[in-house]
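One structure, as structure tokens, below. Some questions next.
Naming follows writing order (A, B, C and D), and every chain is counted from residue 1.
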Amino acid sequence: MYVEPLVEQMVDWRRHLHMHPELSFHEHETARFVAGVLGTLPGVEVSHPTPTSVLGVLRGGAGDGPCVALRADIDALPISEENDFAFRSQHEGVMHACGHEGHTAMLLGAATTLAPLAPELRGEIRFVFQHAEELLPGGALDVIASGAFDGVDFVTGCHLLSMLPFGVVAVPAGPCMAAADMFTLTIRGQGGHGAMPQGSVDPVAVGAQVVTNLQHVVSRRTSPIDSVVVSVTQFHGGTADNIIPDTVSLGGTVRTFDDASRARTKAAMEQIIAGVVAAHGASYELDYVDGYDPVVNDPGVAELVAGCVREVDGVELVDVEPITGGDDMTYFLQQAPGAYFFVGTRSEEAGSTFPHHHPRFTIDERSLPHGAETLVRATLAALA
Amino acid sequence: MYVEPLVEQMVDWRRHLHMHPELSFHEHETARFVAGVLGTLPGVEVSHPTPTSVLGVLRGGAGDGPCVALRADIDALPISEENDFAFRSQHEGVMHACGHEGHTAMLLGAATTLAPLAPELRGEIRFVFQHAEELLPGGALDVIASGAFDGVDFVTGCHLLSMLPFGVVAVPAGPCMAAADMFTLTIRGQGGHGAMPQGSVDPVAVGAQVVTNLQHVVSRRTSPIDSVVVSVTQFHGGTADNIIPDTVSLGGTVRTFDDASRARTKAAMEQIIAGVVAAHGASYELDYVDGYDPVVNDPGVAELVAGCVREVDGVELVDVEPITGGDDMTYFLQQAPGAYFFVGTRSEEAGSTFPHHHPRFTIDERSLPHGAETLVRATLAALA
Amino acid sequence: MYVEPLVEQMVDWRRHLHMHPELSFHEHETARFVAGVLGTLPGVEVSHPTPTSVLGVLRGGAGDGPCVALRADIDALPISEENDFAFRSQHEGVMHACGHEGHTAMLLGAATTLAPLAPELRGEIRFVFQHAEELLPGGALDVIASGAFDGVDFVTGCHLLSMLPFGVVAVPAGPCMAAADMFTLTIRGQGGHGAMPQGSVDPVAVGAQVVTNLQHVVSRRTSPIDSVVVSVTQFHGGTADNIIPDTVSLGGTVRTFDDASRARTKAAMEQIIAGVVAAHGASYELDYVDGYDPVVNDPGVAELVAGCVREVDGVELVDVEPITGGDDMTYFLQQAPGAYFFVGTRSEEAGSTFPHHHPRFTIDERSLPHGAETLVRATLAALA
Amino acid sequence: MYVEPLVEQMVDWRRHLHMHPELSFHEHETARFVAGVLGTLPGVEVSHPTPTSVLGVLRGGAGDGPCVALRADIDALPISEENDFAFRSQHEGVMHACGHEGHTAMLLGAATTLAPLAPELRGEIRFVFQHAEELLPGGALDVIASGAFDGVDFVTGCHLLSMLPFGVVAVPAGPCMAAADMFTLTIRGQGGHGAMPQGSVDPVAVGAQVVTNLQHVVSRRTSPIDSVVVSVTQFHGGTADNIIPDTVSLGGTVRTFDDASRARTKAAMEQIIAGVVAAHGASYELDYVDGYDPVVNDPGVAELVAGCVREVDGVELVDVEPITGGDDMTYFLQQAPGAYFFVGTRSEEAGSTFPHHHPRFTIDERSLPHGAETLVRATLAALA
């Protein structure tokens, strides 16, 4: 394996980053750390397309050729870690619970591996460390707007997945991740004394009915063959046990895989919210934010990357169903043909058995070489 | 009217207090202010039975006689005021939204009126400015524990009510306010990615079902003739739109008027919570805190106070149904025969049309003399 | 006791009637039976004001005097009896589950007792055996329309109650039973294949949400001090497991004790139904039928009847809270001053522990003399 | 087209059958009619493997060869037709609302076409007109148990679908229809008077909560990528507006496409039912009936049939997503390699725009030749 000499180094990077997670758009220390590592690599020009993203450019010494971009996301989540590693998060309430610190470590590993090979390569390689994948509108569009992605001919990158077992990699052709919309719903009732509900319009009770009725969007109004998610993940209201509040605020996410389904889901949600709220004499404001578009891989690139995976020792290439998570990798894939691939990390030994965004999420660090090696081989194949 | 000369002064006191509200157990400035006013009155000994309560003792000069206690509560609520008076709350997020600043002003008015009359009176008068009525376990028990209430023979006090019109006063005989219990319910699911509900136990959806099912306690399991309230006033869970949280926290209040009903309600709540939570594979912790006992007036004292009300100019004595609010006045009434009375304050002119604990609650200041005059007359009658 | 000689006879009558229950407006055999017994009494003129009601008129021989009406209701319910008495219902699906057969037996007992006393009485006694108390619009208005109640000066009657213990009788002054409204709600969705909910609007799911949301009328929108019932007692929809039906039909009852509350409850119900149905793209028709007005006793008559109760051996006069059941006795009480009284029948020995309208409802037959004796004494007192 | 001469005849058959629908296991007239037509065909031996199914056997005259079975289902549904055709259902409450009368007409058309060709064919053809597809346990297993399917080497048949447009046919390879389970749920509360909910356990309110909570099976506990349906299609309880019933009865259908999902869904349902019912002090009995297994086509046979479709004039071969309907065709496909295919019938002109099992369902009769021609050609290809 090309990345053999970096196996331990990638683990160290990953653990350092895991200890120092930063929220989306606030990845200052992370960006500094990444830039520091890249700065040590021969031939890599380092810059910051935006305050908290990092770009490394490596030009081949063997003449003109295509421009290959490799992308990792670097931000963390507002979750309080419940793992008790020595290297657990040092920032209370912030955690790398999605594997981005692994993505960063893998891309640093790939860059370190590719840098010395540049003199013999044609074309150009861009190492894109993108901020703010976890928070709309995401960092990818900023990076693209900065011009850092101009002229890219081929793009790849990967996501560690705890729902895939350690030892497998998947490179779907076509749609592979969902449209990831978000919403905030404010329900406005009429506050009052907790002991006199009759004088009020109780927004907690109304909000509960809204959540309950919204289940029908998926269970009754969506074809069972279609794949739609409506999750109300936030519910906040009330300041004291004896005060019925004026308002409650709900939030959540909606996932769909095509435009018709997205429009239908949005319309059904609004119809249900409007009806239930009116039923109880309350009112509402719905702020529905279109999230990332679905991630769609180029079939040709997917085949090229899959071919590289087959050559990686200890890795099995597998098929995977579309993932309801969203990712702003989609915008890079709209700029240039490319493929996003998924690296399995689940294992009992490593305790990598929790879902993403769980306070005990972690990865099996032995999967880092799987992703890094595939990035290196895909780059070499694309430049060949 | 005895309190005629103090009409404007009480308005000033009330407005000052309204501008400077303090949360339960934190009434430091309020207590200082009250002590300051009492300190200027001839013959009144001022002390602090607890750090944020105030006691004024006035001894009659005409020999031994009964000990009369007059009580006001002085704390405010965690509510952001939405009134736009010049004298609106200066403390963001804290508000006198229950009228306690009016209670305090009335009792200061009564004390100021009674102080110069003391030389001709027999017995003793205690002015009790009690902290923390709004927050369990309440301040009344602390005041009693301090000994400040020892030897009291007769107790009265009043509550301004925006559900009664300005111009009326009610002095119920028997039960007049509810047992006011509180609860905190933590529902523990299993967090995960908002896009993959199948890997999680969604505590927001379960919490919503709990709220919805809890409506049955009152609507299906309580006799329509009985008076029970179960209000879920707080619902908090979730930190990000794409994360299903591990837990949500609910809170609220339960009101009942007798022990059997209280026990039945508690049991029904726990049965419903346990069942719904189990239905969805979640778990829970219920922290149910018994609140103040029901407030029960002594019929004899109620009649004496009602007699005084009939003599107050411009006031009509009315009947009133039991109030589902609770009040730790109950503990003073368990120490000595007494009566709690209710002073109407609702009026369009004064904008006093909102329920208690509403961000736009206010009182009609013309009701202050009604309460103060009744306190003075009841005291004189009791000492006669 | 006047009715002492009839104790066993009343039990026989009650058992006969219990074995042969008839639904409202179909009390043909029951009316024939009652008329048969009355026909044997000296001086009683028997007629049928309507096809299934019976009137017995007994004129006093001692000159003019007031006209006293005694009323019993005679119809049964569409319930399948689950008792296993020898005298259980012979009519499958029909049952005296509310005690009307006892009312009938008691009034027959009173008539049999009073008939021989007529020569010495002044005035007139009417024995009114009314049909169809259980089904709107009730039989009372028919009886009144027939002229059978013209000229009545005083009316009484009683209801056996399994929530009162055997041995007590209550004669409330003022409001004592509720307005008893009924409703039928048709929810119209769009039928389809059970396996393809997305092509349909599922009226079963919508109907379930309507029932659930309607709980808020009582739990959130009614003062805890007020007494309101909203019961959805019928839900019918669907013909096959794999067909989503087009419509479901719900029905139920609403109980209130005054006009404002009745109007508020009706409005809240319709708002909730309209909102929830709209939320899910369905439509509805609500047929709300105003039921019997609240039953209100004349305080003077109540006192007179209470006085009679005090003289009945083995009976304790008790207070009772208003009863949420309705009764078209109200219309007789609107014609003449009167009082409806309640006879306790609950006892373990007799198995009289089930609520009214329950398939195992029964009475303690030892309570029959309590009601009959009170009817006799109240009549004698009124005519005195 | 082979079936060209029979186009009008098939329409006549279809309309006759549409006018005379019969419920599952009661298809006596239908079976007689089918046997009558088959009896007129040269060389076809007619028998009744079960009282209401029909088998026609046609032996080739050119020697031994494979045995091909063609299958149609012949039963109707308990639905009241809302179409106003001249040929609308003559049997109130029974309707061909799934297209089985079209299946029957097509198979009669294929038989009539194939009979004269038999002398030149090798092998054997069986025309299987199966009863009771719509009602568990279905008729297919009976037919197989009768021996009528012994020795079959190849099986095909088709279903008209209003969700596919007229002019297309689909022949999926692999899983194409769902496991179709059914359930009956009895919820046992405690009946009582509608005005006194506190004395009862209201099974209507509990049943409504069960329906509402069951939505979570699909919306929260199933992967969005998986395809699961849980439809409560029946809800029956209550006999009078003022009686809370003892029990309600619910029923519905569950659709899944694999064993793990089926087991998970069943377990989640039972957990939810048990929890919600316990929450309210009720009890339940769940009768869950495993329905037809998923329908899985043999890929080789599917390809052969698809090849035949391509040769039918005016028909386009399309792909189709798995259908959540179930079909006991699955049991024939477990006996011999085969393929079930789907014939599009949706068109505005013909009013074929309603979903299956809808009271206004109908087919575009121009699709009958598409199915019949494919049956004929597939038979000839299989025997070639």
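A few notes on this one:
Keep this in mind: contacts are C-beta pairs under 8 Å (C-beta built on N, C-alpha and C of every residue); 3 or more make two chains touch, one makes a residue touch a chain.
Everything numeric here is computed off the predicted structure, so don't read it as measured data.
When chain centres are set by their Cα atoms, the one at the greatest distance from chain D is B.
If each chain is reduced to the centroid of its CA atoms, chain A and chain D end up 44 Å from each other.
A straight line joining the Cα centres of chain C and chain D is 50 Å long. Taking the mean of the C-alpha atoms as each chain's centre, chain A and chain C sit 66 Å apart. In chain A, the positions touching at least two other chains are 195-197, 202, 205, 209, 212, 215-216, 219-220, 224, 229, 255, 324. The touch graph of the protein chains shown is complete.
By the touch criterion stated above, chain D contacts chain C in their complex at residues 77-79, 134, 163, 178, 180, 182-184, 190-197, 199-200, 202, 204-205, 207-212, 215, 229, 231-246, 248, 251-253, 255, 323-326, 355-359.
Those residues of chain B whose C-beta lies close enough to touch chain C in the complex are 212, 215-220, 224-225, 227-230, 255, 321-322, 324.
By the touch criterion stated above, chain A contacts chain C in their complex at residues 195-198, 202, 205, 209, 212-213, 216, 219-224, 226, 271-281.
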